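Heads up: the structure comes next, in structure tokens.
As written, the chains take the letters A, B, C, D and E, and residue 1 is the first residue of each chain.
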């Protein structure tokens, strides 16, 4: 039995036994290379699940849909390690109860091979070591390095050109599992900290605030980057923020599910070389 | 015998239009995004695109547009209405679907109250459409009863020559005729065959869809809840749609001055219809997706006699969760009656 | 230009109820005033604004028979209404309108009129009430049923007194149970109940009914019980709006654009709309 | 709209000489929302305040900005004025155009335009101020006194004397502190034990005082009027309720050679012991680390010797949590470790001792029963050299400050030595003689004139042993000559330093400390016994080096502060507290983690039927101190801080 | 010659330490550059990154954020939290090209009037050398005309 079949039957079993009310996985997409989120409520529907190397989306974002888990029932979800990492963060931020999430874990090796991940509950997955050593894809790393090497003026120009394109469709926010706030700061109008207009200034504000709010919380799944319809390399900023909290505070978001938020905790000897 | 414009005359053509006071906009690739942007020479243009990622709507109904500038002083507020720049523009290389989008939106912006911002830009613009020779998996113009060579919304229609050397040129409006006059020396008579149109399959039966949508019972159908499950509620489909026209009006400024702006808004956003009381008529993603489809293929038609979709397929092409109008309408057209 | 408002000077501000104020506005520019006089009909709405904060939509509460001023009554809730609530006489605000359709009061001529309003929904009703009372001779019996949660929540208290004193108007006032004060002389009870007790005849009568959705629902049922047909009951709808002129795309209920085809509808028209979109 | 009154103060010439107030007034008069703008020489004066009040009444002002000095100076003054005129006192802002403008800039036009900008931005802020009401919190009228030395005892007695309950916590087995180690006390030479012991007994017998010895404060939670304190009491292994203090157990204890800490090692003690004979409570403790039973599981001789079964080897340490309204910190000092002065030979030569050792030698209850004998061989010294400032006023090795008591106790030592030993020869190396205090200078004069103490002005460079004598080599700076004295004993006047764990302790209870570890008072001159944390007071040497009279008077002062607080049942607090917008709170609990005061709790939101809808954060206004850390953390902007709301600050910045 | 460039500096400070330190500079009559505008907050913990962005939007050429030294926070830990936020926010600004030299952080106690005065002088001088922050100010200017991409 192939992995896809194995996961289909596992999902079907979860549904038929009544253990979960819903399985969130992938189905065929509108083109051969696309996969789309698929919600199965019956064992039959579970037969439509697809699991292959094109299943790259982080489905954990659906778990924070308003009301989905309020009945206390369980939901199963197909997750890669970055999705599992998201679950850890969401649990530590009290947005999920670990007992409500059944994980159908898988990994994509070399961008091709699907391998199953052992475990069902979040506590079965110890991904701490793994994600700490995880480096972003080489092109992201190279691009980040290239930006670091620029002068401040060049960096500003680089981002200005990218942010100028932003149309404030908030796809980056909507696909992000960490953007679970029912009211986003950009929707606060008394006072209007973030301009809702999508001129470059307003876009700068929005993108900086988004990145800051994700600092120390990003699972590096890249969903925002892929979702951006105007191709802003959002991943770069998120990567840089993640690097900062590791370097400065030895904090790696989503290592486990009982972390204190990095910006709501401190050590007395946190670095402060930049403070006069 | 028809007139043709050769590719190698394009630079002269741009120069001639610029001399006539036009700025020339064409598909460009800039900063990792394709859109319509001002060009100086033919080599600035990106002809290989089936369709740019951004629509020309951007240049008629911009994502953010200053409406009124105000200054606050004691006992007085001075306001000054701002108008779009008085600049004549040629849009070169517009795809039929994008051009149609403009024509679709015209009645909305002109409905009783004329939106001066839209029409000032419309009147200052000449649309040079190039008919399609290629389509991708997402193109769906034929499904909404348009075609890869539709002249809707166009002033000039160009048909690529089979040999790739240029375009067969045809003015389809007075404005188009006038534009061609500015470049008449650059045009030549020729009977070179034009490239064949791409095959764009009809993906759904729009008549059937409209029929189902018009049925009052469909409004409360479970269908909406199921189809919209995976919608994450972003606005990318609406913002990249050549016909979506919803907007917000916002004041922005400091203590002393500011600007009232018209900004794109989206029916996908939860806050879009939220009353200050907290009541929200469209409080779930499924009701919002229903609104979008209903608006495009039922309400708009009822008001303006046309569907608010030109079949560009961007909604699906750009959707982070692979949703879109095509899938929804396909599903509707196959619903059991 | 389409989205440019008229500057308006605040003539006076009156506190109506907790969080509810009425502003009386006069035109700063004569041409704006002329435009308003030429176009305003009872039932229409406008966008009231303050530069720096934005615009907010509510009805014109003054009647079409009095076009020297615009009066508007609103509850303080968001950014714009909070600022509007803080203005004083002499301050400059803005008005954009009048927009929308109207109450067809010439069709009401020769008929009995029944006005029913709940809470903060008296303002739109008040515009029609005065438009008719100012031409009292054209109409037959006039009955006004007005209810609020508490005595304090009743708006236009002076005018209620005035209506009460008139012998050509029948005023039925009520507050919800528990909302009465020790010296309250009028009814205690919900509007539909009080309406049924007052039992106005549906014969040759037009009803104008404004209020929160829940009240509309039950009052409409009461009216139908009394024999009113949905075609003879008028109401207004309020939705979130930004442009007011049918462009911004958010106020529609089903295919109906409230800003252009409304805000005045007959109950029959409202019932034809998809109820889930209200 | 808002009607703001702006009042520009000249502060005499202090502001007016650098800021063109005329221009300031004109500019602000034209600012939107400013109803009236006036200038005056001194707005803080009575007529000035009257002007403000009149303007508030006549113009129905909705807010006031006084452009004058720092809010730290006169905010209270003008808040009062506003309140008297019927305006909520929190509808006031002070534009600081003195300390932060006129006093620090020289160019008039620059200072003027800065003053305009400062004032304008505060006008924008004040437009968005909200009417606030001070928060009332109940006061638990029970005081905690930490430290059972003379300062703590005095504070406890004073508070208890006024009828309020006190818990006195002492970490040693007995109260008494350093004073119980002293022999006679300057300047009266009355016996320290004789005056202290009655106080100790009074404290333990007082019906309103609970003495908790062998106990330490582990955790302090809460805020003024409402502290919750965790106190850990170590196991004594002797039942306090049974023990009569007969001392049989001590007599029988076989482990006898333990260096006696109280006697600074000048004598030994047993494993079960009382620190000193007059200990209060007079109940021994078993030193677990030295006790044979605890080490080997065999012995229990004390248990056998105790006729009333008071020995309890099973006793456990206990933790009690008690509510208090106020805390007096009187944790005292330690003497500096003098071994840093290798050149003085402390630690190397037995007869180089500290002043405190000398106190024990001179004490009638001490190891020598009051005889001055040198530790090495018990001989009475013929010549004693006293070295003052052995640590104090020495930035290089010791401490920068003056320990204040050493001049006096050295004179006393010389005197006691002279009284106890005929033919005594005291040589005192000093830098200055600081004898300011009632009867103090007379006292040092007596030492010199009557008791022939030989004062040599100068530093000692080296002490070394030669032929059984301690050779003290120094300089007499008055004569400008090197001197060498052959001494039998050398007494070092060591510095008073904070307790070794003072900084950790301060952090634990949330008070500030200085670079040495002495606790910070709220204001050195005007609020010397209060700390920056409301409801916590200081007395004694934990704040700075002090002698007994100073410690006692400060203790009484702290007690007066506590009693002042306890005179009210309710306490009014600044209403600068955070509040959560429950409708938008996402319940991520970041604010809960971030709050330094544990003031944020989780609250259940239920629908009409009682079903849990969601959980949101909720601020306890009693606990919130108003730092705003939670506000900044909150991503959905669901928390705001009264007095410094997002709207206010936004407006302030957008007007700059 | 055009007028010499006078930088605009906005400072966000806590009331207990740096504001008091600035007061001390005043009572000590220490002279310093008049370019700084102080916004008083209860604690550095209250200083949100949004404040800094808005100050830049309002044309600040430099922003100073200052509070109590570690261990001295009136609210015991506000400054520790603030320090973490600054570390992260500063990295973000640097990465997006907002020069580090324009956003300054400091600890100034109530006793450090002289440090405050010197620091303001230093920041003013250095900002003067950096010149106006035109790159960011340009964003504000173009919003009048900016519409389509």
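Keep in mind that, in the parts below, a residue touches a chain if its C-beta (ideal position, glycine included) is under 8 Å from a C-beta of that chain, and two chains touch if they have at least 3 such contacts.
Just so we're clear, the structure is a prediction, and the values are computed from it rather than from any experiment.
Colleague: Using only alpha carbons, which chain's centroid is the nearest to the whole structure's centroid?
Modeller: If we average C-alpha coordinates per chain, E lands closest to the whole-structure average.
Colleague: By the contact definition above, name the pair with the higher C-beta contact count: B-E or C-D.
Modeller: Answer by contact count: B-E.
Colleague: Among the chains, which has its CA centre at the largest distance from chain D's?
Modeller: Chain B.
Colleague: How many angstrom lie between the centres of chain A and chain E, each centre taken as the mean Cα position?
Modeller: That pair's centroid distance is 34 Å.
Colleague: With chain centres defined as C-alpha means, what is the inter-centre distance between chain A and chain C in Å?
Modeller: Distance between chain centres, rounded to whole Å: 49 Å.
Colleague: Need the CA-centroid distance for the pair chain C / chain E, whole Å please.
Modeller: Centre separation, chain C to chain E: 51 Å.
Colleague: Specify, in ascending order, the residues of chain C that touch 2 or more different other chains.
Modeller: Each of 78, 91 in chain C touches at least two other chains.
Colleague: Hey, what residues on chain A touch two or more of the other chains?
Modeller: Counting only residues that touch two or more other chains, chain A contributes 164-165, 167, 190, 192-193, 197, 199, 202, 263-265.
Colleague: Taking each residue of chain D in turn, which ones touch at least two of the other chains?
Modeller: Where chain D meets two or more other chains at a single residue, that happens at 594, 633, 650-651, 654.
Colleague: Chain D touches which residues of chain B in the complex?
Modeller: Within the complex, chain B touches chain D at residues 72-75, 254-256, 278.
Colleague: Contact residues on chain C for chain D in the complex?
Modeller: 86-88, 91
Colleague: For chain E, which residues count as touching chain B in their complex?
Modeller: Residues 58, 143-149 of chain E touch chain B in their complex.
Colleague: Show which residues of chain B lie in contact with chain C when the two form their complex.
Modeller: 67-68, 70, 72, 75-77, 79, 81, 83, 108-109, 111-117, 216, 219-220, 245-251, 253, 258, 260, 262, 265, 267, 272-277, 281-282, 287, 291, 294-295, 298-299, 302-303
Colleague: Residue numbers of chain C touching chain B in their complex, please.
Modeller: Contacts found on chain C: 1-4, 7, 51-55, 77-78, 81, 90-92, 238-240, 242-243, 245-255, 257, 260, 274, 276-278.
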